[in-house]
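Two complexes come next, and they have one chain in common, chain A, joined by chain B in the first and chain C in the second.
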Partner chain A sequence: MSAKYSMIENGAETNKIKKFFQKDFSQLIIFMIPMIFIAIFLLYPMAITLVRAFWAPAEYTFKFTGWSLEGFRTFFGTKLYLKALINSIIVSLSVTIFCILIGVPMGYCVARVKIPGKKLLVSLGILPIIMPSFVGAYTWVILLGNNGIVRVAINWLLKPFGVTIPSIYGMFGMILCMTLTYYPFVFQMAYGAFSGANALLEESASLMGAGRTRIMRTITLPLIIPSLGASALLVFVRAIGNFGIPAVIGGNNYVLPTLIKFAYSGAGDINLASSIAVINVIITGLVLYLQKYIVSRHEYETISATHTEIKQHTSFGARLFAIILCLIVLIFSLLPQVTIIVMSFFKRWTGLLPTGFTWENYANIFKKSSHELFNSFFLSITATLMCAVFGSILAYITERKRPKGAALLDLSIMAPFILPGTVVSIALLSAFGGNGIFKLTGTYAILIISYMIRRTPYVYRSVAANLTQLNPSLEEASTISGATWFYTFRRVSVPLIMPAIISGSVMTLTTLLQELSTTILLYGAKTRTVPIQIFNAVNENNLGRASALSTVLLIVVFAIIYTMNTRKGTDLSSSMKM
Partner chain B sequence: MKKLFVVMLILATVFTAVFAEAAAENKGAEKMELVILSAGKESESEALIEAFNKEYPNISVTHLEKDSGDVLTLVQQNSSDSDVVLLIAQDSLIPMAANLYPYKNVNDAKFDAEYKDPEGRWYACSMPLQTFMYNTDLLKGDDVPKSWFDLADPKYYGKIVMTNPSSSGSAYAQLYMMYKLTGDLSLAEAIAKNGTTYVTDSKSGPQAVARGEYALTMTGESNVSSAMANGSPVNYLYPQEGTGRRIEGAGIIDGCKNLEAAKIFMDWFTGKGGAEVIRSVGRRPVSTEVGGPDFLPALNELPFFEYDAIEAGDLKKQLRADFNALL
Partner chain C sequence: MSKTVRYENVNKIFGLGTKNEVHALKDVTFTINEGELFCLLGPSGCGKTTLLRNTAGLDTITSGKMYYGDVDISTIPPYKRNIGMVFQSYALYPHMSIFENVAYGLRVRKVPNDIVKKKVTEVMELVGLQEELKRNPSPTALSGGQQQRVAIARALVYDPDVLLLDEPLANLDAKLRRYMRAEIRRIQKATNITTIFVTHDQEEAMAVGDRLAVLRKGLVEQIGTSDELYNQPRNAFVANFIGKMNFFNAHVVSKDAEETVAEIDSTGIRVAIKPERQHVDAKVGDQVLIGGRPEYLSVTTQASDKAVPGKVRIIQHLGSFIRYEVEVNGNISPVTFEIDMDSLQKDIHEGDTINVTFDQSRVALFSPEGREI
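Our next item is the complex of A and B:
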């Protein structure tokens, strides 16, 4: 090798290094931080869970117990477990179907029929999913149990006809309660889709002479199928992960979360719990695949330059129908909230009616819940702010910069969204409980982290959906004028996507204030939250205290949502898109 | 739009300030801290802390409640941040004894050998005796069952609610008692076949009976006395064959952060002060210095049969699996 040649080579090398340092790494770094965070707090726990699923049974220990298929053998070899699996599938699928049957017409009515108080309807129509399901289940017993006030009243009315309605216990009750709890997902998405769909398409079809049903069948419905698919999946995941409703009104019909409780709390066997969690994830995965398959055949790109006002039905019949439908659904699904508000002023509700009027339940909040209130607000607000920052930066990078591995990042962020809460909790517990490398149980950090892992998708999706509709020309103009990407992001993009950040954050904050399923496995003496206290109060039959605390949360949450809904441009449904 | 964030931030700051101040006021001059981990109810922890703080206002106590199975996992793993475990049933207490700190408290001499660990790792505080609890509006006079075997009587078809032994320690204790009565699971099977509902949470059975959703359940007697104190239309009946003599207790977690405060607490808890609170919340203290709980019969009036906590522990896995195969 000649000296000259090697000099050129060296020159090229220095150039490369120079170039390397001249490159802007800020994006890469900002991309890597969340990736590392996700790797530690999501992928690692999930991997541990997967590995544990193949360990021998553990008794009150987190240590390695040897490789074995015992967990799966127990599962598939026990009649009770198989029955629970079948119950879970039946309940979740039925709930999904019923939620679509209720949510889509209601969404259509609110979006396309001229009725008063739409913002109030939309705000009220999200409350059912925001109450801890455990509390909801108890109120259904008070309303529709053997001794429930609504059931007794209906049976009294039906008496002349010789008919009685059965009590709530069993499969039917579970499906009913979960449907009335989860239909808001479909309703909000359908409302968003119907009011956001491109009106020009329908108008042109109408001009060309298509009838209303034809337009509905060939244009309107196909356009909302992606939203529908996403909300159906959300409902399915929530339903299959719900522990509270089956525990209170399922009777002998056990479901998968029941089995996870048997394994973890009953037998102290986190490995068996992991095996069940893995089976749970496989089912969810299959449903996700099915959903993607259906939606992929119905994905349309619509080009909408301007947002035209959508034509609304104004006929008397349509308006009457819409109002009656919305009222019936809202009244039934908000009965638990009403029950709780009534109950909060009474000592007990053991018979048909509540007895012992009192203010004490509220007075006790100041005496006994100040620490818990502080924890709830501190944890939820901190996690929400972090989700807002994280979620919007991540969405911006993946959507605008499309770096290598964006798909992986996208999948990782969305994973907790489609994983049942019990599964995420078991994963976090098996990774950070016990004598693991990171022992974080009982700290504020673990709660904030788990909240972030589970809720960042809201802001992320909301912002990503907003960015795809946003013409990048403004951002390009800023970049061409010499601004760095971060400056552009801060000064140009953020103001434009603010409504999306807010709606995602509101969804995050309101659901976190009521979070129970993750908190209950990870809290400690210093990090007790209000939902934990509600759960304990319900458990010891102190429904008055539970109701007063729930009412306080309910009012805070409703105030936040209503304030947001009265603002322009914010739309809760965008934070649920997949 | 930014306003909402600003409002949120302000809210966060205000809450932090207000509650941090409130928390600061609670603490006395000479500060000690203590964390208790209880398998009992939240209101029971609150009652204990209130009484304890009257004598020791300088010790700031925080509490958390978990199922006894969860407590066992936490303690065996040294992964709890707590100092003292409370109200843990004997079948969970014995396996965790090695992880408890041996401390002979000032009341040691008052405890019979069966009510304490020989090295002082745990002391019994109360007895979680299991009894029938029935709704007095739904069952009257001769309709009230008298024997364990009555639960299989077709006249109670669909009226009984029990807890699945896989999810609760006390429900497992009931299953083990049925096993002791017949030497197999034939009684448990007959009851299961009698349209009995097995809920997954030991607290919801007694609540359902208090509400009149079901007529009858088997539960810890403290649930009956607290429901009666609350004015619910319920009553107890101890089955004529007897009920298992079980105990629950407390101990200091080995390697805990606040050992001195924990010792002070155990000295108080095992004495008359602790027993008074145990009695007042409806539990049956083992201490003879105070009486039994309100509404419930005295200890010497109750029929008992042998309850072998160690054998119960050994058979737990098998009996639970066999029982679940019956459902």
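Our next item is the complex of A and C:
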């Protein structure tokens, strides 16, 4: 079609125009740094891990041991390993299903039934994810362990019926703990989707003669499938990557993360750990693909400009049901937090009530944990600041510049989001564990790098979501006014995406303060963090110290989230989305 | 300093070399005069916004040249072009007060504080927002019309060479839109900055612009004043886009230097048309269109051999005139006629079969090519 017009053959002209854009160096440099970081600390380690998975078993060495399929042979030929794989799949799938069964009805009740204290319910509903999950697991030992008070009490009640509930150790305990820890993801998203839905859609269906259940089945539920799918995936990847809960109450039941730790720390075989990591990645990848496949057939554009208030159920029955449901879920999921705070003031808790009131647990923190506290805050804050910078820039690149291969960049950034922490650790160890030039084990650097790799997606997603809603003409207006790219970025883009940067950073900071699954493989004598100390205290049965430290973490994390929630325009949920 | 804007063979191709290649601007060549208020008009997808964005430098043209005055700006980045632009969404910065919004371009230019204050005050007086400036709220606290004024002030404050307006009135309600278009013309004449105004609304373009360019599918169809475009449209598309034109299917039966005679299909009615109203070079036997504005046509109950029979579909009272929508035989014209009468015809009702006559001295001859918008 173009032959008719005077141009096109004039290639020199086109090149000149292209050259001018290549001259924009400030952009190029700022954009290159995060890219290089990703290449060195994510893509390269993942590649090395994949290679190592096909190396012969190593005994406390990072050197080349020869090509072999021994790792996979061990995995698929040993009962313990295969069992761990099956356990992982059973636990993660059950947790995902239970989270949906709890989170969706609860989200619906809070969004669509007229009940008091909705804001409080939503805030309380996020608490379970801000507590270190293995601490939650340990409190369930107090409550539901072999002699746990709740178990004894319930079994006494159930005795006439001839049933008993099992001890917390094992599959039941893992599924229970993870469900109560992760249901908030589904609850928060379901709440958002149900309350943010366009009321006109349901009203028009109603005007056309559809009944309540029909509207629910044909309009309401189909429209929340995308956010439901996203939160279900989030729960699944968290559950399959969780190290703390299986480590504390798994008993003899290994799952993939604990198996990786066993292979690396116990057997000293980085190559076997790499093989397991590869299998873990494949499973997660399959689930991700399945989720995308299901959700892709249910993605809709919203076609409406105006939103009206959604009608709420006001009948007594509905309100009673909603209140009871929310209370039961909240009580069960917050029981660990309460238990831990109570426990922190006592010496022992073996019978019905704790005994030996004391301040000693807190006094000990200053004596024995000051270095760990410093480490935790230093590492988390440093990593958070760098995540904020990198995440924002990367989001800006993919959203605004749409370079060639933006999809690939997006995938590289988001990959660690679905990778289990132990897998990321193994990858970093594979790449930087043994070589002379780049030996990073036991340093602050490797922890900060692993934190950045794993948490940059929070800020990235949060900012990207914000940018899609931000009219590009705001930035264009600045350019027209005579501002260079950097001036525009500084004075217009950054101030406008600040709320998203803050909410992404808060998510990053609060989760890093309690990070265990990555740290457990990477920490050294000097870089021990508070969660590691809690984990060790739990394993040594030093419940008082574990509780006091957990309480401190809990208060710090809660204070950060509370401060942020009082700020306008910040929204945690956007950083949780895929 | 106001400058001319000149386009020389400007082409823009999106997705060059890919399957989805879109030729959005085709050999655009024309000049906008110094201090002129120039409208780019056309249906959506015609390339008017593309031309504006390329003029601003927000996009780069694929080939050709653009000049501000004598300077070739084709490859100059937008922030060095010294232009002002008002966006359809206004693009006001929600994190700054209206003073800082307007001052933005001066801050970029590192203008001293006292001059910034003076210039912002001046320009806010020009756009009629001196009272709002005293309270200095966030732009989100202003009404749509006021936000529009802030956006104009922000674009004018640093004395740009060229002012670009991208559908600036699209977000306002009908009444305010009519008021603001007069305001824009007043402000433009007061500053005398060369201005390009993009719109899809022909009434707005005719009311505001000194001159207009009508674009279609990346091509400039015609450039001229409102009067020229309305009374001497070059082709059927322009005729039907600038106002309404009714078309009769016809064929040429004779032609000489004095006049061309065309016969309306399946009627035998012959119309003689003078050369100045022939917008097609048709030979005897060629298919053509005879076009007449709604006001050149009449509905009547009287029979006549110079009339076309039709059926009244809808009668609309539009204040100063009455519009009759009349359906005629598909051979005569496939589309419904719009006929404007000065007064209501008492003996004609919806559904009546009537006759359509027309002022033979005012109709024009067009090519049947590309009539649709």
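The rule is short, and it goes like this: the second predicted complex is superposed on the first by the 483 of 578 C-alpha atoms of A that agree within 3 Å, B and C clash if a C-alpha of one lies under 4 Å from a C-alpha of the other, contacts with A are read in each partner's own complex, and residues count from 1 in each chain.
Here is the rule we use: a residue touches a chain if its C-beta (ideal position, glycine included) is under 8 Å from a C-beta of that chain, and two chains touch if they have at least 3 such contacts.
Nothing here was measured: the structure is a model prediction, and the numbers come from that model.
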{"item": "Contacts of A:Thr382 with chain B and chain C, given as first, second, both or neither", "value": "first"}
{"item": "Comparison of chain B and chain C by chain A residues contacted", "value": "B"}
{"item": "Touched partner set for A:Lys368, first chain B, second chain C, both or neither", "value": "first"}
{"item": "Partner chain(s) touched by A:Pro128 [first = chain B, second = chain C, both, neither]", "value": "neither"}
{"item": "Partner chain(s) touched by A:Pro531 [first = chain B, second = chain C, both, neither]", "value": "neither"}
{"item": "Which superposed partner A:Ile480 touches (first chain B, second chain C, both, neither)", "value": "second"}
{"item": "Contacts of A:Gly442 with chain B and chain C, given as first, second, both or neither", "value": "first"}
{"item": "Chain A-touching residues of chain C, taken from the complex the two chains share", "value": "9, 11, 13, 16, 21, 23, 26-27, 56-58, 60-64, 74-75, 77-80, 82-85, 87-89, 91, 93-95, 104-105, 108-109, 154-155, 158, 164"}
{"item": "Partner chain A, residues of chain B touching it in the complex", "value": "1-2, 4-5, 8-9, 11-12, 15-16, 18-20, 22-23, 35-37, 41-43, 46, 62-65, 67, 69-70, 72-73, 76-82, 95, 164, 166-168, 197-201, 203-204, 206-208, 210-214, 226-227, 230-233, 317, 320-321, 324-325, 327"}
{"item": "Chain A to chain C touching residues, read off their complex", "value": "1-2, 4-8, 10, 13-14, 16-17, 20-21, 471, 473-474, 476-484, 487, 491-492, 495-496"}
{"item": "Residue ranges of chain A touching chain B (in the complex, touch as defined)", "value": "60-62, 78-80, 141-142, 145-147, 167, 169, 246-248, 250-252, 254, 258, 261-262, 264-268, 270, 348, 350-351, 355-356, 368, 370-371, 373-374, 377-378, 381-382, 384-385, 388, 433-435, 439, 441-442, 498-499, 502, 505-506, 509, 523-526, 528, 533, 536-537, 539-542, 563-564, 567"}
